[in-house]
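In what follows, subunit A forms one complex with subunit B and a second complex with subunit C.
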Partner chain A sequence: MIGDFVIQHAPALLIAVPMLAAFATPLVGRLGGAARNAWVLAAMAATSVIGVMLAYDVYTTGTLIYTFGAAAPDAAVPMDSGGIPVRIIFTVDAMSAFMVIITAISGFAVLLYSMASESRASGRDGFYALYLLLIVGILGMVCTGDLFNFFVFLEIASLAGAALVAFRIDKGVAVEAGLKYAVISTIGGLFILFAIALLYGQYDALNIAVIASRMQFTVLDEIALVLLLSALAMKAGAVPMHFWTPDAYSMAPSSITALLVVASQASLYGVFRVVFTLYSVTLDYAVIGWIVIVLGVLSMFVGVTMALVQKDVKRLMAYHAVSQTGYMLLGLGVGLAVLGQPAALESFGLVAMEGGIFHIINHAMYKGLLFLTAGAIIYRTGARSLDKLGGLGHSMKWTMVFFIIGALAIAGVPPFNGFASKLLIYESVFLFNPILSIIAMVVSILTLASFVKVFHAIFMGPRQPEYAEVEEAPVPMLIGMGVLAAVVIAFGFAPQLVVDAIVAPAAAALANQGSYIAAVLGGV
Partner chain B sequence: MDLLPALETGFGFWNPLIWLGVFAVALVIAYLIWTFGESGYKRGTEQTKPFISGNPEPAKGEVHLGGGHLYWGFTEALRGYYDRVVPLHTGVLNDYLLWFFGIAAFLILIVGLI
Partner chain C sequence: MYFDLPFIAAAVIATIGIITMLFRRNLVKMIMGLSLVESSVNLFLVSLGYRTGAIAPIFTNAPSVRMAMPTVQAMTLTNIVIGIATTALLLSLAMVIYRKYGTVNADDVRKLRG
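Presenting the complex of A and B:
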């Protein structure tokens, strides 16, 4: 009974549960820290369960439409609306479900970790309220089928994210990083709002499926495309619009950094939704595909080379996050570039897209894990400079093991998950353009070199006198890291299962604009 | 094998179980080589102390190379690249926004002209 209700209203509950829990958190917090922690954990667990149930439903029955305020949730187009779906509609296809899964896993694991990592800090009522609002923003962005609604959720995620980056106000630099994130996110949001206005002015609709079905690719549409593409690529951290990323990622509490990775991926999802679903057949695939590819290659190379010279462990990892985003852009960019060529799409384009999409979830898991290990080190030692740390392998053995798993995964070393998705990218991109594939491999080698440096600097060497009293990270932090490490290993050992179950349907959903439109407009 | 099918890339395949099997064989070989090694090793004795040309061993805190000392050769070889790219990361918000606007303007030209 309850299960049926949850499945029927899963898209609404996915937003309602964390949002209501967020606003109630300060009230529950008045009952005490234990009650608040139990409240937010229960809310996040419920959100994750609803998310997984929703994703399962989508993968088994197809794209799910949820119309807010309608007599029946799947009644997207009212009888008297002139064929326009006027209500807010969530359109959850396989790509959206894929992003929901990422958020569900990361959100719960990171929250568990934060129970210990934030235990010594004050203001946790507000912290967890913002945490849940960030989850709301991410889930809304990836589920909505309405452009203005997308903008609203993007703003929720941006504001919550900026507040969380600056949350530890005793560190002036954190406030500066939060301010930068807030300003550049707001400017990006204005770009997106202006683009939406351009599209609304022409097509009298805000629904993605309706606009896609009417798209003429006028000059105004071209401007809207560029505004959307540049703003969302900036929010995803693509080079050369990535400058905010190391500032925000490195100064945020480590648990928040892990979640900011997922928030950036929601923006990346926005890039793919815009080019594959909103514009798709109207685009010059080669031009837009190559724009995405160039952004990807720049992100990969500049990200990893900047990481190599960093001495702050979190700043280094932030640059690697930029670099890894490049792989996703490369894979999806190649898929987009050959979208109009059925033979090439069949031969390698879809595999490139699958590689890029697979890398999104892999990256969320291993990069989240790496940020959490960095957070555990900072939590225990209070240091973040690679020149000051050392010898922690003697006292933080579990953290070291989790770091090794994450580091090998991000470097694309078998048998971890990063290798599987990178292999798909290497082999498919090679057929498109061998030079791109070679660059991707070189970047992986540099990534490994960079993490060898981090591993050596933090864990190797004799026990340092100043860290003689350092102990292993608290158990909740280890459990949070353990959950992500388990996913990294499981996805590495069963890559084909993951690809068949959630990645290939997501790639197919992106590549098939017609099915998305038909799901909302009923075959119009 | 069916429980964990190989990853089909369209051009080949990747099976982590085969990799694991090869890795296990490599570990066995490594163990066998290790067993041929010196058996007189005694922990905590003089023989385990580092030999630094007869010089006394420095304090523990002084022998660890920090991360900043690694890859000097690499960065030095790419000095021309790093001299141009690192200064772009000014930390100034105005610069971040200028790059953002610049890229958007550039993309409008590309999309509009091609």
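Presenting the complex of A and C:
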């Protein structure tokens, strides 16, 4: 049956479908724009369905192993290899499945939106080919169980991302942002490869589970950890390596910005995978935990203060993205800091991790939504400065509603999803260190202040003569925004359901290194 | 000592590359620096795979001596391909910037601020 086949080979199809579709896109584009759009939408829909099926499978039956080229997909260790998994293995645990779900939802909603937002642009064959390649890169990064494979997918995501940032040349400014993003990504990628070489040189393995089980934490391992952490934090846009974020996010086409948020979170996933799964028990928890916490607090605070003074609406939102990344680092950092103390981990560490992980999906949804509304405004008015915009509430009512939903969610106002995850973080972090919790709340208040200002500047006020002709955004854009807004509201009303179903297993999977290793190497 | 030479060479090349990237203001030269860092990582990878007295793992008529695992060589090849793609993308972006701005000096390519 085709259903069984898909389930059995879901991890491979998850990568193969969008990648083959991407390279076929320019060919299909020869048949005309409509055929190409249908092709790309069908490919993305198929990818999302496979992704959700895979995630469901993982949540019901546990960590899934897919060995490429083996007789059976779950034969990770060949009989005659001496206990070493020599093939490339995809290890999809609950945390990976969680990231796959995010990519599936965002990827599809954003693609729908881009059907309308890019309808006036040229070179769309290449645009959609790169779009699908970016999806391939993100999905590969979160699914793979092989360090070198992780590097390859990281490079695919980086190259596609940089090319998409620079896609609309825009008098060269977008290219400037794209060049910055490409250089940063390449340096980061080389750091990671160097770290992988250091690990390979010591442990003769590339598989994450094998390296984790052999980890000695020598001086070379410490160097590798520093290289991996700094490169991935840079790719995730954490302060003090955030300088590329506002440029790339503000100059990329709005649909791409929403997807770049997901790409950054795939790098964030890399950070967590490295500290929790690769190093885990060998790490001196408190020190590394505190480093991650300090990175998070700095990101929160610097991001929001820089955002307050911005005039460009997308640049402002980009700084907020930096700030929100801080919450995730804070939550997971607290979890890491108490990983070695079972009592503390039980009482608040796991909750903090759940808060941080829940915030990842919430952030992808509401920040994507906000970037899409900004894109709709720019699409209709051609203006992006808060000084010029005004009075759009009269003509773009739906866009305004979606903006309000996104803004309240990012500010952590109930009953939207941002509140649910931030509450988990506040409560648990307060038990760890009250000052951190208070900083997090202050940042939330500043975020609210900033978005009230933006809302007032764009939508309030009398109808302005130069925007008299402005209409509501096209229907596909509204549908794309509607999908994300629906998720924001649904997660806000039933947070406990979501936490129990997909977030708690993800947190447990990160905290439990042993089960990850056992899934690949066999029973322990 | 003799076997450390490739590692030392990799470190030297990486240092030259990073210094080039930090202190040259010409975008094309910065990209060249990046390529140097990439080459040093490649050199490092290949040197890791060297085993004294081992032969390439070709099994046809092979003498019965140790064979070297070709993993790092495969990794290096992959990285070379990725490097070509990256360098091509970076150079083409630099080319567009030169067309639009009339300069490739990093100090002048600064429209994005704040």
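Miscellaneous remarks
By our rule, the second predicted complex is superposed on the first by the 521 of 524 C-alpha atoms of A that agree within 3 Å, B and C clash if a C-alpha of one lies under 4 Å from a C-alpha of the other, contacts with A are read in each partner's own complex, and residues count from 1 in each chain.
As a working rule, contacts are C-beta pairs under 8 Å (C-beta built on N, C-alpha and C of every residue); 3 or more make two chains touch, one makes a residue touch a chain.
Because the structure is a prediction, the values reported are computed rather than measured.
Contacts of A:315 after superposition: subunit C is touched, whereas subunit B is not reached.
In the overlay built on the shared chain, the residue A:67 is in contact with neither subunit B nor subunit C.
For subunit A, the partner touching the most residues, choosing from subunit B and subunit C, is B. Contacts of A:513 after superposition on the shared chain: neither subunit B nor subunit C is touched.
By the touch criterion stated above, A:453 is placed in contact with subunit B alone, subunit C being left untouched.
Contacts of A:183 after superposition: both subunit B and subunit C are touched. By the touch criterion stated above, A:247 is placed in contact with subunit B and with subunit C alike.
Once both structures are placed on chain A, subunit A residues 179-180, 183, 187, 246-247, 306, 309 are touched by subunit B and, in the other complex, by subunit C. Within the complex formed with subunit B, the residues of subunit A that make contact are 179-180, 183-184, 187-188, 191, 219, 222-223, 225-227, 229-231, 234, 240-241, 243-244, 246-247, 284, 287-288, 291, 302, 305-306, 308-309, 311, 347-348, 351, 385-391, 414-415, 419-420, 423-424, 427-428, 431, 449, 453-454, 456-458, 460-466, 492-497, 499. Those residues of subunit A whose C-beta lies close enough to touch subunit C in the complex are 148, 152, 155, 159, 162-163, 166, 169, 171-173, 175-180, 182-183, 186-187, 189-190, 193-194, 196-197, 200-201, 204, 206, 246-247, 250-251, 306, 309-310, 315. The touching residues of subunit B, when paired with subunit A in their complex, are 4-12, 14, 16-17, 19-20, 59-61, 63-71, 74-75, 78, 81-82, 85-86, 88-91, 93, 95-97, 99-100, 103-104, 107-108, 110-112, 114. Within the complex formed with subunit A, the residues of subunit C that make contact are 21, 27, 30-31, 34, 37-38, 41, 44-45, 48, 69, 71-72, 75, 78-79, 82, 85-86, 89-90, 93-94, 96-97, 99-101, 109, 111-112, 114.
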